[in-house]
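Look for chain A in each of the two complexes below; its partner is chain B in the first and chain C in the second.
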Partner chain A sequence: MDAHTIETIAGVIDKKMTRQLKQYLDVCARCAICKDACHQYVGTGDFKYLPARRAELIRHVYKKYFDSAGRFVPALYEARDPDDNLLDELYESCYACTGCRRCMYYCPFSIDTQWIVAVGKAILIAAGRGQEMLGQLADAAIFKGENVEMFRDVLVSGFKDIEAEVREITGDPEATIPVDKHGADILYVALAGAHSIRPAAVIFHEAKVDWTISLFEAANYGYFFGDAEKAKLIAKRFMEEAKRLGVKEVVVPECGHAYRVADIFYEAWTQEELPFKVSHILEVVDRFIKEGRITVEKGRIQGRVTYHDPCQIARNGGIFEQPRDVVKALTDDFVDLVPNRAEQWCCGGGGGIVAIEEMRDVRLKSGSKKVEQLRASGASVLACPCENCRLQIEDLNQLHGLGLQVRQVIDLVVEAMPLPGNTAPRA
Partner chain B sequence: MPGAAREEGIAMSEEIKVDLELDLKGLLCPLPMVKVSQNIGNVPVGGVIRAVATDPGSMADIPAWAKSTGNEVLSAEKQGNEFVFLVKRVK
Partner chain C sequence: METYLAITAIWGVYLTAVVFFVGMGVRVYQWATTPRSPVPLGMFPKPETKGARVAKMLKDTFLAPHSARIEPAMWIFAMAFHVAALGAFVGHGRLLAEFPVLPELLGEEGMNAFAAWSGSIAGSLMLVGVIYWIARRTFGPYKNLSVPEDYLLLALLLGVVVMGDHMRFIYGGTIHADTYREWFLSLLRLRPQIPEKILASNVGWSLGTHMLFTDLFLMYFPFSKLVHAIGAFSTNLTRSE
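== the complex of A and B ==
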């Protein structure tokens, strides 16, 4: 590795290593309680996925450049140059981590491994070793944001197609998917696919909400890639749109990291107080049901239903009860997974790993605890409000023959609504 | 076909030799874009992928991916409920 790259990496560590992060590296007692908390280590038994090991790699490099003992007697203090071997280890360790923070929940010192992993990703990016697919997805989103007029016709045409389906489901020929509506109460920032727009549009229509749809998607691969600047640019697209339209509330779809970025990280990154609130779609749906603004009927969803807490919404986002209340409003046959809420097992599909083909094997192995939980529940329907979790659990469903219906919660809500065009689930 | 792909692409033609067919039907965005990206290295430089998706989000996603990676969408057309792309590997 050339001197310039090493200098760049050292600069990244110097910039990123806050006092709190240094404390994390110092206080880790290597007690290995995290090994039993990490779905990836439990599923693979591979040392490189041990949360404490992920921190250890960063510690090696940090000591080499910023610790006097490590600088002068590196062998004695396990200080290492960020050579290709270390970067290879760091790559596998950091990009495989789903950022679920279950290790932090069980760690006696609450060491935030995801934060440490963020430093690892920053080192990799500085060394030109950032995960290529996640980088491409982030760049494509930024390109769309910078060239929105280039894509407006395509997007609006797609919304019109979905609008026709919403009219069919609701039986209302006037139902619309409003675009660019100034002064609307809600800006809904969907995912790129129709599946996250159609049911939300039906619910907003039935609740008689003054809403408008964003031209941008909520997913943020800049966050998964590990580049805070890219992540900020991607989220900024719809935050600026919300300001321009003067909405009161930005609603993000059933996507875990999108919620956490929009509601928790964005203001911290930009040091800007947003003039609107940010909500997860299920917080809003829960509100509509409790206020009687939409009608749902029990008995329309067949089979026992369970619920998976996506890590970024639940343990890391604090939303535990509203999605459960929504699901319980749809069925009398609800069973929780065990453990649940803050102790819920990560499914193994977060952090962008579902887009990393080379990590498919570790991803599927790391779902072993989720498979155990699902089998023990006896449920035939899984309500799951996160796209990455659904992709992972559907793969586990196929691989292990679980016979589950893996469903978006708002799809179940629409299915439980007495609507003229309510037929079979749509893709 | 509206938007960027129409302005900068060329009409889909029987004469374009397709090196790889990708069936992306049923995949939700961004997976169609991910699959195209994962497979672009499986055709030679100058080679063409024909991809068929059903998620309308792919009509913006795939051209945006091509623009940001320096590849080229030769055409992107809606055919019934399907979205058909010809993507050329440029580098």
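== the complex of A and C ==
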């Protein structure tokens, strides 16, 4: 590897250096307690997926360039220059990491391996080895942000189609999907696809909410790609929209990382205080049910229902109970997975890995714990408020013949609402 | 033996003290002067108040309840080691001054017997802990995670513990804390000398070697992952920020 690239890589570490990172790199005891926490290591037994090993690659370079002891006696720490082998392994371990932070939960020093992995991704990007698919998706999202007028007509006509379905379901010919509505209470930032908009629109309509829909999606491939600047630009699209429309609340859809980005990262990235609050759709739905603004009936959903905590919503987002309360309002036959909440196993589909075709194999293997958990629960319906989780668990469902219905929570909510057009579940 | 002790138990100790405290100071200074990440890295569930955060941090640091759930065997050995190390540390306090209260209760004989018992238990637990770690590192499925630093630390630690145990088990009956205290206090008064009683017995070789390993271990400490001894408080506090 040429001196220039090495310099660039060291420069990335320098730029990303924070007190937390330094402490994480300094204190890890290499005790490997984290090994059994990581679904990828447990599912594959492959050393490169051991959480501390992912961090160790960065530590080797850190010791060489940022630590006097490492410079003095490199052999003690295996301190070394980055080379192609290191970058190859870094690519596989960093882009596979789902950022679930289950390793951090169990580490005696609470070392945030995801935070170190983020530096790994930044190194790869600087060395021209960022994951291509994620990079392209991120750039496309940024392009859309800069040229939204180009997309407006297509988007609005799509909303009209969904609006027709909402009218059918609610039986109200006046039901709308408001676009660009100034002064609305809620800006709903959906995912790409009718499935994320339709049930939310039905719920907002029934709850008589003054809402409007965002022209942008909540998903953030810049974040998965590992480029904080891109991630910020992508989230900025709807944050600026919300400011422009003067809404009181931004509601993100059933997506894990979008919630963490919007609620936890964005203000820190931009160092600005947002003039509205950020909520996850299930916090809002829980509120509606508890306030009696929407009616749901038990008995409409057949079979035992269980719930999967998406890592970015639960352990990393702090929402544990509201989605459970929502699901429990729909059925008397609810059972939790074991373990659950903060200790919930990652399904294996986070961090953008579902979009990385070459990592399909490890992704499916890494679902072994989730499959065990689901089998043990005896449930036939899984409520799961994250798109990546659902894609992964649906794959596991097919592969292992679990016979499970993998559902969005808001779909189940709409199904449990006594509405005229509410017959069969929709795709 | 006199020269050996002069190197390891006198000048080595001074050098170690300087390297250890300056090294730790520099490490803490480096941490303190590196800006914190603006992004909060906490995870949930997370206590609301500052006091509760600190309480959780202390619990996570001293009891590591999460680690206990995921790998109980490791937790038991690590706990045993660290608690024994703390016990041994407190026990070494007798080098400074006789403990209050206890000797009055137990009498001098009783106190020495108590020290023999507690020291033996702590010394044995530490030995078991170190051997377990060495084995775990050498034969575990993730042995490739270890770097030479890990083995160096464990080797030095093994030396410290074995020689400490040697003094405890072989010479424990003849040389007591008061003799070592004479030596240790002379170091503190900057008028170092080795008591006749030590020079006259083979225990001098043990003490010298115990101190050799201790010096090396503590001199290396600030440059190793063992800075977790103070870093853990900070990283565990980050967990609930």
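Things worth noting here:
The definition used in the following text is that the second predicted complex is superposed on the first by the 424 of 427 C-alpha atoms of A that agree within 3 Å, B and C clash if a C-alpha of one lies under 4 Å from a C-alpha of the other, contacts with A are read in each partner's own complex, and residues count from 1 in each chain.
By definition in this document, a contact is a pair of C-beta atoms (placed from the backbone, for glycine too) under 8 Å apart; a residue touches a chain by one contact, two chains touch by 3 or more.
Model, not experiment: these values are computed from the prediction.
Contacts of A:Ala75 after superposition on the shared chain: chain C is touched, whereas chain B is not.
In the superposition on chain A, no contact is made by A:Val42 with either chain B or chain C.
Contacts of A:Leu274 after superposition: neither chain B nor chain C is touched. Residue contacts after overlaying the shared chain place A:Leu137 against chain B, while chain C stays out of touching range. When chain A is checked against chain B and against chain C, the one touching more of its residues turns out to be C.
In the overlay built on the shared chain, the residue A:Met150 is in contact with chain B alone; chain C does not reach it.
Contacts of A:Arg30 after superposition on the shared chain: chain C is touched, whereas chain B is not. Contact with neither chain B nor chain C is seen for A:Leu245 once the two complexes are overlaid on the shared chain.
The touching residues of chain B, counted against chain A in their complex, run 2-5, 7, 26, 28-31, 33-34, 37-38, 54-61, 63-65, 67-69, 78. Per the touch definition, chain A reaches chain C in the complex via residues 17-24, 26-33, 35-37, 45, 47, 50, 52-53, 56, 68-69, 75-78, 101, 104-112, 115, 264-265, 268-269, 271, 314-318, 320, 341-343. Of all residues in chain C, only 27, 30-32, 34-41, 43-46, 60-61, 64, 66-67, 69-71, 74, 78, 140-142, 144-150, 152, 223-225, 227-228, 231-232, 234-236, 238-239 touch chain A in the complex they form. In the complex of the two chains, the chain A residues touching chain B come out as 133, 136-137, 139-144, 147, 150-155, 157-158, 161-162, 191-195, 217, 219, 221, 355, 357, 387, 391, 427.
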